[in-house]
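Shared between the two complexes below is chain A, which has chain B as its partner in the first and chain C in the second.
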Partner chain A sequence: MSDPTMAAGGVATEEPADYVTGAEHAEGTKEKTRSLWSDAWHDLSRRPLFVLSMFVIAFLVLVAIFPTWFADANHRLRDLDRARIGPNVPYLAVCMAIIGSAITVVAAILATVGKLRDGVCRTMAPYVAGIGGLILLGGGLVNSVTLYIVIGAVVLACGIVSGVPKVSQMLRGSASTWGLVAVLAVAGIAGLVISFGDLSTVEIGAAFGYDQQGRDIYARVVHGTRYTLLVGFTATLLTVLIGSTVGILAGYFGGWLDNLLSRIGEVFFGLPFVLGAIIILSAFRSAGFDSAPAIVAMVVLSISVLSWPVAMRIMRSAAISAKQQDYVKAARALGASSRRIIFRHMLPNCLAPVLVYATIALGAFIGAEATLSFLGIGLRDPAVSWGVMIADSRNYIRASPLLLIFPASFLTLTVLVFVTIGDAVREALDPKLR
Partner chain B sequence: MTANPTESVLTDPTTNGQDGPLLEVEDLFVEFRTRDGVAKVLNGVSYHVDAGETLAVLGESGSGKSVTAQTIMGILDTPPAYVTGGSIRFRGQELLSQSAEKRRQLRGDGIAMIFQDALSALNPVFTVGFQIEEQLRIRKGMSRKEARKRAIELLDLVRIPNAKGRVRQYPHEFSGGMRQRAMIAMSLALDPQLLIADEPTTALDVTVQAQIMDLLAEIKAERQMGLILITHDLGVVAETADRIAVMYAGRIVEHGDAHSVYKAPGHPYTTGLLNSLPRLDLKGQTLETIKGLPPSLLNIPSGCPFHPRCPKAQSICSAEVPVNHDLGNGRYSKCHFAEEVVRNG
Partner chain C sequence: MGRYVIRRLLQLIPVFIGTTFLVYVLVWALPGDPFAGMCKSVCPPEFRQAMIEKYNLDENIFVQYFAYLGNLLQGDFGVTYSDREVGMLIEDAAPVSLQLAAIAVGFEALIGISAGILTGLRGRGFLDNLVLVSTLVLTAFPVFVTGFIVQLVLGSGLGIIDLTVSSDPSFGELLAPGFVLGSLSMAYVARLTRTSIAENRRADFVRTAVAKGLPHRRVVGVHLLRNSMIPVITFLGTDLGSLMGGAIVTEGIFGINGVGGLVFDGILSKEGTVVTGVVMLLVIIFLVTNLLIDLLYAVLDPRIRYE
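Coming up: the complex of A and B.
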């Protein structure tokens, strides 16, 4: 027969010792490195709705931490003489006008920044102008102030027109952006001047009126933010923590442990949420937990205990697919310990789907807290939340619908904002979920 | 423990010097217990590697090459995989009876492994440098700074240009060939004495394949490492292998030094593999392929497992399991007609 080394192995000797192509050299000098997370963040920071939602959340968190900065009235003070007095409409209108005008000024600044440096500021400006215009318009409508209505309508129109994709493209980098900036700036500053002028003509305080026990609704909405967000955030954190830990252990170890943990998860998953929560909460209620932290802890616990199987399933399937990846095998082949493989190598790769779930769950849990509170088994005095306020209003829905409408609009807005964030995060991470 | 003592003669006595081989696999049986039944994946695999030597393990995909490697590493999942017999000795020490913790300590440090697809074998969320440094910090107790320095040295060693900059990059920023180099650097971090390369070049294009093979051969020679090169591509091993073990249906059907196996195969399956390869020395040939499919491991044919596909099969082949025929010079073949096949091709 023939020389064995000739069997198609000859290629190796013909190849020059140059091991790397020119393109690879060029690539190697690139300064910035990208990871999955920085890629996703890069993508997210360009979505105007996401950025806007994050600002809203940041504001709500600020309100939750320092409620007294935003409301100086005592939210616990009852005065039955003023029970169910309606909103202080003139004051409310002026406040809305001030806020709307300030937001309009911000929109003008964003448009200016967007003109100088193309980016998310440019795409955000129409949204911000729209919101400012709506609030101004609303302020004008509640008290029939023609000036506010006119300014609000102009700003809203600017926001809508400049937000139309074709117009937005046309305005991009063009000098006509300065026209938009001018209109917004003039409208915003005029609004501010006028509304601050009007401030001295109105009686200050109780913008949202008083509830059935004569408590300042505005102050209660502001102070309720704290408990609403506290329940939402801690319930999400606890759910994700329990669910991920159980899920990743079940997914990694498999076998009987997986079977056991999955069955336990199914038991909790099988319980209808509201029924399960009623049982847990009424059991604890009769045990007499009456301080605000204890009440919050019970509500958080019951939400998490009933929801962790969802997070567990997501984490478990992510862990099973991560475990079959070669990099886990490679880590084992290099002698990494199980603990290190699970928490160092698998966890970061399994985080994306759980994170998406968490952001959406946050909105859902805030809603769940309201539901439980409405049913009378969630938060209660001394803890105040929007859900508690909605529950308190239930007997007066016909007579004083505003008792319901104020807390309900804040609740809806907050849930909406979290769901928007959840959607954006999912889209940013999805193509890489594999 | 050895299920079939008559088959354990593969160990070549000439390489069994005063220290014995670096790694010795003897009569290894592994089965996968699945819902469809018990797949007998390894049915008495025996081979050995010495320090500074390359053993090529050949065979069609599904013949059990990777499972053997993963059994040696101890990274098979039980369930579904069960080692039902045999022995694996590394530097004379039996691995199969060792504690899980002891075996873990040996991984990376004594025996390391590189995988076919480096993109999926590198963790996408960490930089290449981090993945090399991690082992150095945990297993060798190096500081971050020392580990970084060593990682750059290792990347330099596998000829990654601009190692200083590359060390901070993520695997997806590397090209295919460079990823495989990075994988090699990672496996060398703890200075293993044995490296198992499971189809290290299959995912790469031909020129890059050759570069990676050269690199492996060079590093092996420099460090006097044992190298097990798993492949289903005969062309890849022609230059690098010292010895060849041909695998079929979970057993080694032919074993011998690379030169003589190429020149005169002793098993019709090896002949088939060689004929399915384009050879530069035979112009105008027609390429032959081995007819039929590899056997189902749930139901391995009686007698010689190759008989349904073998052009030389006789009636004895379906009735009797061929024993290992000693062909001299450390050559063995599990074919009833081994001597005849060597003589007449």
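Coming up: the complex of A and C.
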């Protein structure tokens, strides 16, 4: 797992945000003072991969909250007659074509907006076009529909051409950009029209097929999103809460408290992660928790209990370096209480490295949940997650690898999106890498 | 140096006792009958009594723990319910796990470091982006997914490897599992090497070496690489220790009878002595490797002095 201590050092020494010098007052507010946070946000909102990942996460959260909007089949309905029936390929192809075309239309709109007003829209358009093209192409390839393949290839080519810096520089400001936009728009709309036309010719439902117990895999993937994300978010929240509370206390007060808390942290840090989680989960499993919230809580708890020392170490080192800063000394000289110093002065300045850790950890925890579920001690029915689905499929992977591939690719995609965000946040917040 | 080592060793003791006690409590003291699965229906009372006496179960948990620790320090790992020496079980399983972890670390070093050096020296560009993106993708694959993909592609697809290894696996058989085990850390090693080299490239000693008129190869090979490798080597060292116990998933997928499988079976069948024994051993390995790595720092980097 990525060791966040690398990202820790040196971030906390930035200037506090709500602090304006006399000179800046005199100049007036023409140049707004930018804090570390607004600076980072400014940087992040210009990164196409970050913005794209945020959109994917927003979509995943939407799926997690309202799964029935996306899958109306019952994900619990077992029917052994349809066990391990393969995916409904024609329907899958049409669906992919519709999604790909819609994304292509979005890319065309983005490119138009980007052409008129310089900004993140223009840098994002090639990526979006590329994704739309890939999905279209994939839809064409699974069912060998030549029309989809052609449209997908055209869109993908547009994305690549506009994405390569040298080529797009040549194209900028000339009529050829509008040409690209027009090609994208035409391809997208044509794709939509054709694929919606095809929709009436195919049998609808079970795009991903059925699993070994005859449950709809697509519906299960959609409904599994909720628990997968729930575990990831709550485990991260809990880890950061415990870790940063303990860390800031240890860093601020130092002395015997620091020694004691650090030793306690080391006790938990010394346990190998997977092993420790297995022991904790199997120990409490015999205590008999069977409802879905209880199972989720157990998994979250065991992940956080084993990970908080990492957050603590990061927070502690940030707090130690912040403690020696002038603004803390000044606050203390003015007679501020420890509580006020910690909450008002140190916390805002120590948060950056922990936040970096949190964003990276989120992806890692989603993977950890899947690993635990895969081992048969994480989530289980009635809580369905992608890890549970992969675990269920493990005995059938030779006969029907698709049982594995659908949940695994969604899992990997989600982790990838979170890790990408973590990476971008680290680069934006860590001045050393700039 | 000597005083530093002694101080560190003394600090290890409370951490070791804390961690192992935690494990001991979790394995033994939680609700549930430890002998539940051992008899066909209900265990006869005399059998229960014998078992309780054997494992000191009627004492309080502290007495139990320290009695166990006392035995452990004399090299006695205890016996399982079926009267097999836990020490023997570990002895049988450890070599394979060690081999697997060593292969994984070998892959990490080989691929990770070369990718890192390549991108660290070149700086920003296509290759750099390619390595960065592929490390991101690699970290996004949970180990078991990587394992299944390797199994599917190399095993049932191309037929290069068997789906599971034999009971006494050879070096060649362990290559694919070792790759899977090391894949995650490989990405990390690549990034660590890259950052380290990129940072040191602007360091004073490199500038001096260039100014002295040393040939490029010597500047990179001796001055730059040797200094940049310090964090990488320390990471690889700690990884060797943690991979030994962290191979549960990989061992499970490829059917390797190593330490991970041993402890996982132990947990499932509620063999307390096996679980505590293996975990104690792993914690010791973890703590000692961390200490060794700290000391290694001083050897590799003369600027660091422990006094």
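The rule is short, and it goes like this: the second predicted complex is superposed on the first by the 395 of 434 C-alpha atoms of A that agree within 3 Å, B and C clash if a C-alpha of one lies under 4 Å from a C-alpha of the other, contacts with A are read in each partner's own complex, and residues count from 1 in each chain.
By definition in this document, a contact is a pair of C-beta atoms (placed from the backbone, for glycine too) under 8 Å apart; a residue touches a chain by one contact, two chains touch by 3 or more.
What you see is a predicted model, and the numbers here were worked out from it, not measured in a lab.
In the superposed model, A:T371 makes contact with chain C only, not with chain B. Of the two partner chains, neither chain B nor chain C is touched by A:E203.
Contacts of A:D81 after superposition on the shared chain: neither chain B nor chain C is touched. When both complexes are overlaid on chain A, the residue A:R263 reaches chain C alone and has no touch with chain B.
After overlaying the two complexes on the shared chain, residue contacts for A:L271 are found with chain C alone; chain B is out of touch. Where the contact sets of chain A with chain B and with chain C meet, they give residues 1-3, 6.
Residues 70, 73, 75, 77, 79, 104-109, 112-113, 115-117, 120-127, 134-135, 138-139, 159-162, 165-166, 168-170, 173, 175, 177-178, 183, 186-187, 189-190, 206-207, 209-211, 213-214, 234-239, 258-259, 261-264, 274, 277-282, 345 of chain B touch chain A in their complex.
Residues of chain A touching chain C in their complex: 1-3, 6, 263-264, 266-268, 270-276, 278-280, 282-284, 286-287, 363, 367, 370-371, 374-375, 390, 394, 397-398, 401, 404, 408, 411-413, 415-416, 419-420, 423, 433. Remark: chain A residues 1-13, 15, 19-21, 23-25, 27-30, 33-37, 254-255, 325-327, 329-337, 340, 344-345, 348-349 touch chain B in the complex.
Residue ranges on chain C touching chain A, taken from their complex, read 11, 14-16, 18-19, 22-23, 26-27, 30-32, 136-137, 139-145, 148-149, 151-152, 156, 163, 184, 188, 191-192, 195, 235, 242, 245-246, 248-249, 252, 263-264, 267-268, 275, 279, 282-283, 286-287.
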